[in-house]
Amino acid sequence: MERGRVEAFSDGVFAIIITIMVLELKVPHGEQVEALLPLWPVFLSYVLSFVYVGIYWNNHHHMFHASDKVNGGVLWANLHLLFWLSLFPFVTGWMGENHFAAWPAAVYGVVLLMAALAYWMLKNTLIAAQGVHSLLQRAVGRDWKGKLSPVLYVVGIGLTLWQPWLSLALYVAVALLWLVPDRRIERSLIGH
Amino acid sequence: MERGRVEAFSDGVFAIIITIMVLELKVPHGEQVEALLPLWPVFLSYVLSFVYVGIYWNNHHHMFHASDKVNGGVLWANLHLLFWLSLFPFVTGWMGENHFAAWPAAVYGVVLLMAALAYWMLKNTLIAAQGVHSLLQRAVGRDWKGKLSPVLYVVGIGLTLWQPWLSLALYVAVALLWLVPDRRIERSLIGH
Amino acid sequence: MERGRVEAFSDGVFAIIITIMVLELKVPHGEQVEALLPLWPVFLSYVLSFVYVGIYWNNHHHMFHASDKVNGGVLWANLHLLFWLSLFPFVTGWMGENHFAAWPAAVYGVVLLMAALAYWMLKNTLIAAQGVHSLLQRAVGRDWKGKLSPVLYVVGIGLTLWQPWLSLALYVAVALLWLVPDRRIERSLIGH
Amino acid sequence: MERGRVEAFSDGVFAIIITIMVLELKVPHGEQVEALLPLWPVFLSYVLSFVYVGIYWNNHHHMFHASDKVNGGVLWANLHLLFWLSLFPFVTGWMGENHFAAWPAAVYGVVLLMAALAYWMLKNTLIAAQGVHSLLQRAVGRDWKGKLSPVLYVVGIGLTLWQPWLSLALYVAVALLWLVPDRRIERSLIGH
């Protein structure tokens, strides 16, 4: 089975998610600059989610690029990841409109956590499909980022009970951690 | 004629349908977790429809992968399928907002039924385009799932008059039936 | 210059236009079947526009398939066509919500007319880019449908002043005329 | 790394941005032609933004076509450009609904400016990835348009304080400047 169409479908979903999130940024009614002020938490949430979807797209791109084989399990593991990513516009809008209040920040963290777990499952399904000693397995290596992120999300979800801004800072920190493209895979692909 | 562009256009429509369905999940106004509670029927409907669109995409992927020839009839049979799938966001939203009431559940079933018939017509049009003894025809085989599903949808539509939850259970059961990727086609493609 | 990316971008726009039109079909609030009744003019408009976008996608597909060369003029002629098609959701919604009243039906006809003229310009730009005696030119032939349609749209726009339903019947008739895929191009491509 | 998937993802985002902008053109409630009159500033804004997104897509197409190598930096520079473009629907709607008032026109100019800077960064990142004496570098040449546009946007933003219509005229002028496809790149690609 060819991986091209899985990538094309995923790219479509990534592109739509990243773009419809901006629809939560409702056009204000006044023509003064003050009309924009109430929008800044929604805008900040949008920036954070845009970066997260960008990170997922980037890593998805790298991971499939290092994979040759795609089977039925991979298709469903991929749809499972896209399902959690499709909830980004909803939780981004809820968190932004409520100025990073406790519950919306916690639910945002839960969706981040589920997406991270879905990505981890997709990675394992892809590695299994490639067979032992595959390029992808060598490229991913020990994957400390993939193991650390869910832990940090859980800490972030817990922190919302005490201080939601701290949990938000943690979500931003995890994004920065991933913003660096996956050098391991890029390095392994040199000469490929 | 090349099948690549039909797949690309279909992937775009699949990706948009699966993503705009989430727009029916309106961002609630309160910041408490209670604000999420009224959304659970809409969320459940979304999950069910996401799985259905995922199943259609998966099987569409397998079916076109086993096809070499695409003609004008295939293009229109494909658009006919996409038309019924494009009604998923509407019927999903209506069913979810009315807590799986009788009429919305029946109309949801009608759209499932029409999509199933459209898929069956597309399959036959594709098989006819490939010529006799094609890979696709052998791969599809007796297609008991494709024959059983419309019957179950009709039963489900009838059940809404008596107990809508039972019809919903039936729609879920048909989804589970299809969730298993089409092993027949995958098996036939081994060594292909 | 490769034609692949022009097709991919156009497919994306076609797919989004055909799918966001369904958003004009607003989820009704009641759970009775009567709640669906007021939606039938919007639904009919949606079906007509879906068929029209499907026709444009089909013919666009055939036309680019018979073209090898794409230049800057083609890119802009293509964007010009997509611009008029992007107005379909707006005029479809306006016509449907006003039960095919005179002005909405006339404006719908104007957008159909402009899209037809834009398609005709795109065709000429593409033929010019292929050079004399090209496959595309032979395939298109005398193009009586492309010449007749704008005339019928103008008649339809005029008829809205007298009897809007007649103009709607004319729009449906033109759609049926085109529903037959462009056999000329298909025939010319045999053995290609 | 292949450039195909970057182009496919970008095409998806371009296609969605260009299409969801039309959603700001809300279907009016009356059936008379007067109901359309209040929409003309929103329509004009839409046309201007459609042309701008078309220009970006066109130049993006040319630029990647002249590039062979894509690295992690290019992926993020590209996402950065798409981020600013994703704000087009918002600023287009705000400017249109407020009849080109000072602040909305200024914010529209800021987004134009940021997109231009992001495009300039993407161009430099792409050129750096191709290595010295690349086809892309020769094709881009002195790039006077890319240097002049940000200056004109800054002037336009300043003019909103005095006469917003003048700044709008300037935005239109820059669009016309770019509407001519990048002949430099096309010329350099002859024989390529």
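Chains: A, B, C and D, in written order; residue numbering restarts at 1 for each.
In this text, a residue touches a chain if its C-beta (ideal position, glycine included) is under 8 Å from a C-beta of that chain, and two chains touch if they have at least 3 such contacts.
Bear in mind the structure is a predicted one, so any value in this text is a computation, not a measurement.
The most distant chain from chain A, with centres taken as the mean of CA atoms, is C. Look at the contact of chain B with chain C and you find different residues on each copy: under half of the numbers used there are shared.
Between chain A and chain B the centroid-to-centroid distance comes to 26 Å (mean Cα coordinates, whole Å). Averaged Cα coordinates give chain A a centre that lies 37 Å from the centre of chain C. Across the assembly, chain B contributes residues 8, 12, 15-16, 20, 23 that each touch 2 or more other chains.
Residues 1-2, 5-6, 8-9, 12-13, 15-17, 20, 23-24, 71-72, 75-76, 79, 82-83, 86-87, 89-90, 93-94, 97-98, 101-104, 107 of chain D are the ones touching chain A in the complex. Partner chain D is touched in their complex by these residues of chain A: 7-8, 11-12, 14-16, 18-20, 22-23, 25, 27-29, 31-33, 35-36, 47, 50, 54, 57-58, 61, 65, 179, 181, 183, 186, 189.
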